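Should a chain be cited, it is by its letter among A, B and C, assigned in written order, with residues numbered from 1 in that chain.
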């Protein structure tokens, strides 16, 4: 859709208030694309873009999500490693993903300075959202101090001079690999998940054409077959992570390899959850206050994991526990997987 | 009484890239055998409205030409013909799996509404195929999921249709395995361990578990040993009688047609050559091609 | 005379012009009064194709089977083509409670006539009617579903050779017509068992498939299968051919019982003794001399 010559001659209309429009189409031909606008747009809560008002059937969850995304389109010139076009494209993809909860949207992923399988999807989503006043928390299996978490945090600290934090309650964007923090999320927070395999039916139906058709027709009998098989073979549903969920009663989604213990945290969560798969180049999202139900049978209901032990460090009985091997004589210790949660509990007895 | 399935003017032409050059040499060393008494289409008096290919359709290999038929509840219609007569294509056209070039296939669903299976939305067609219709394929491996257990195969339509209790789904699967004479202890076995006849019976159970009103059977006994075939035919006869199913059945074996079907349609080259009551068509064939078929069968 | 009366009345109606309503009913009333129960219209030979038979061929409600100028010709396309006339201009009428015996030498078309009445053969020309629930159904215009309905409710057929359904026991073979009618299997088996006992088929044979039975045993199973439904019209093709004297008498008893309850029977009996016991009228068929190849006819 190229602007006509006449449109190009006329002065561009003032669209600075409306950041959902792509400035690409407002530019006259003679300006190159990567030059900044003449007017720096104000930061802070933006006036409602025209897009959201037409999406009335969704509740305030979608509006909040669109606000959150919208406020972040103000950076310039390669902030957080990616160029503005790439970030714009990813944000557009995220808008579509938020508009259709649970549906996988393709995006043109860029080459990132880490290989596939190391979080490129999550990094691209975070990069496209990051603004200077964000506080970024990065966790890997619940801990802030593992190698991957540290690497990605340093990456954003360098390329975006982002403010980073390990406290869940202070973070505005939390990028996570395979866990949701124990601390309840607040409205306005964004969770970014690193997803290896976005398609929940992939192991049951290897053809992408078929899975796309099944999603379009909402035919999820194949997944229910898998659950039946599990009960027939093992006596109960044998999925402990990447437990398939039905989002908004319509789309089947893989919530990334989080443990099934964390699935209930997605249901009607006040935060926005964004999922990025770098290798498969797919985005999907769960807007705030959306129903997320784990698939099960009436007579074999969904049971998240539970432990007989409590955390050896802070004594929590309701958090996800990791088993740590202490010595080579069989000594074990169960500790909270969420290091921030454990530390906070230890500090405030 | 209104028919359960009524097809009008179903036509399907498979377009060949060399349709213009399809004339075969009639003389010389490449020519085939000289035309016999029944090799010319004009020798087969067709009961359809046209003996020639209707104008306005693209050139190509006609698989079905203006086929019209009716099936009522509780009735078995047999489509009889040799290989290449178009009966399998017709079956696919009737259930809407293949888009026809012309014609409609009107199915009267459980609520009495008439649905054109050729023109309906894919969502609705798939829903009907899961709940009210069934399709048993010639090769059971095409109609079964070989990666899950036999019980899961049978329970699939129930689970997809909204069954949320595992024990009910399993009980229904076990009951149907028993009905098709497969030992219930094989419920959790993989279909890879089943023999050919058992696979075909498993496919039948899978199609019947949701209680369909109309079932399409594509050569149900093709490729099976005689004793296995006999057992399968007995099962089909009992099921049809017991469940009051409407069945459209394809076969090249006249004995199967005589045993199972109430009415038959004899097909050749995509056209209907003759149709009527099974015993009448097979005992008093009017068309030359039907007489050829009935005189060609061996009998013990 | 009735015809003349109707014609006269119709002329009256036309002459009167507009007062069609009253005069028409007057004409019909006079026609009905004048008509006596009679055999109906004389069989006029070949009917024009496609013309719906508006007038009933007979007004006698007792007539269960009526055949009018029926002809059947087999055309064998593969043998020439060769044309084999089997029946020519056959007419008959059978009332409820009567038995018509079809006699004639071998090859005269007796079995073909029965097959035509059963709907197993198409009629080349002429017409045959079977009464079903008070109405006469024309066989040449009947759709396959109508013939199936006829067979279910009205027609019982005992064929010359038992067509064996494999692996089904003799009791179930005989009971099958009742089961397909909707009766419970126990009820059907009980009724079939009574007939088999009367026909002296030993109980130990009831669960065995008839393929290994002797000719006489097969024929008796066939008779049981044909008679179990108590059909209003029975078509019997040599039912006693392979039976011994005692069983012949039993078969004749069964046929007479069927007649007593109002069935119309059309049968081919070679056996004079049985024919004398059951038949009320006789129809003699003679073989039609030689067929000519189709080209010569044209």
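What we mean here is this: contacts are C-beta pairs under 8 Å (C-beta built on N, C-alpha and C of every residue); 3 or more make two chains touch, one makes a residue touch a chain.
None of these values were measured; they are calculated from a predicted model.
Visitor: Taking each chain's centre as the mean of its C-alpha atoms, which one lies nearest the mean of all protein C-alpha atoms here?
Guide: Taking the mean of C-alpha atoms per chain, the most central one is B.
Visitor: Compare the CA centroid of chain B with every other chain's and tell me the farthest one.
Guide: The chain farthest from chain B, judged by C-alpha centres, is A.
Visitor: Report, in whole Å, the distance between the mean C-alpha point of chain A and the mean C-alpha point of chain C.
Guide: Whole-Å distance between the two chain centres: 80.
Visitor: Taking each chain's centre as its mean C-alpha position, how far apart are chain B and chain C in Å?
Guide: Measuring from centre to centre gives 34 Å for this pair.
Visitor: Using mean CA coordinates as chain centres, what's the chain A-chain B distance in Å?
Guide: 49
Visitor: Contact residues on chain B for chain A in the complex?
Guide: Residues 122-123, 126, 145, 147-149, 151-152, 155-157, 159-160, 164-167, 169-170, 187-188 of chain B touch chain A in their complex.
Visitor: Which residues, counting only chain B, touch chain C once they are in their complex?
Guide: Residues of chain B touching chain C: 37, 72, 75, 230, 234, 241, 259, 262-263, 276-277, 279-280, 283-284, 286-288, 291-292, 295.
Visitor: Spell out the part of chain C that touches chain B in their complex, as residue ranges.
Guide: 74-78, 81, 115, 119-122, 144-145, 147-148, 165-167, 179-180
Visitor: Residue numbers of chain A touching chain B in their complex, please.
Guide: 204, 217-221, 224-226, 228-229, 231-233, 297-300
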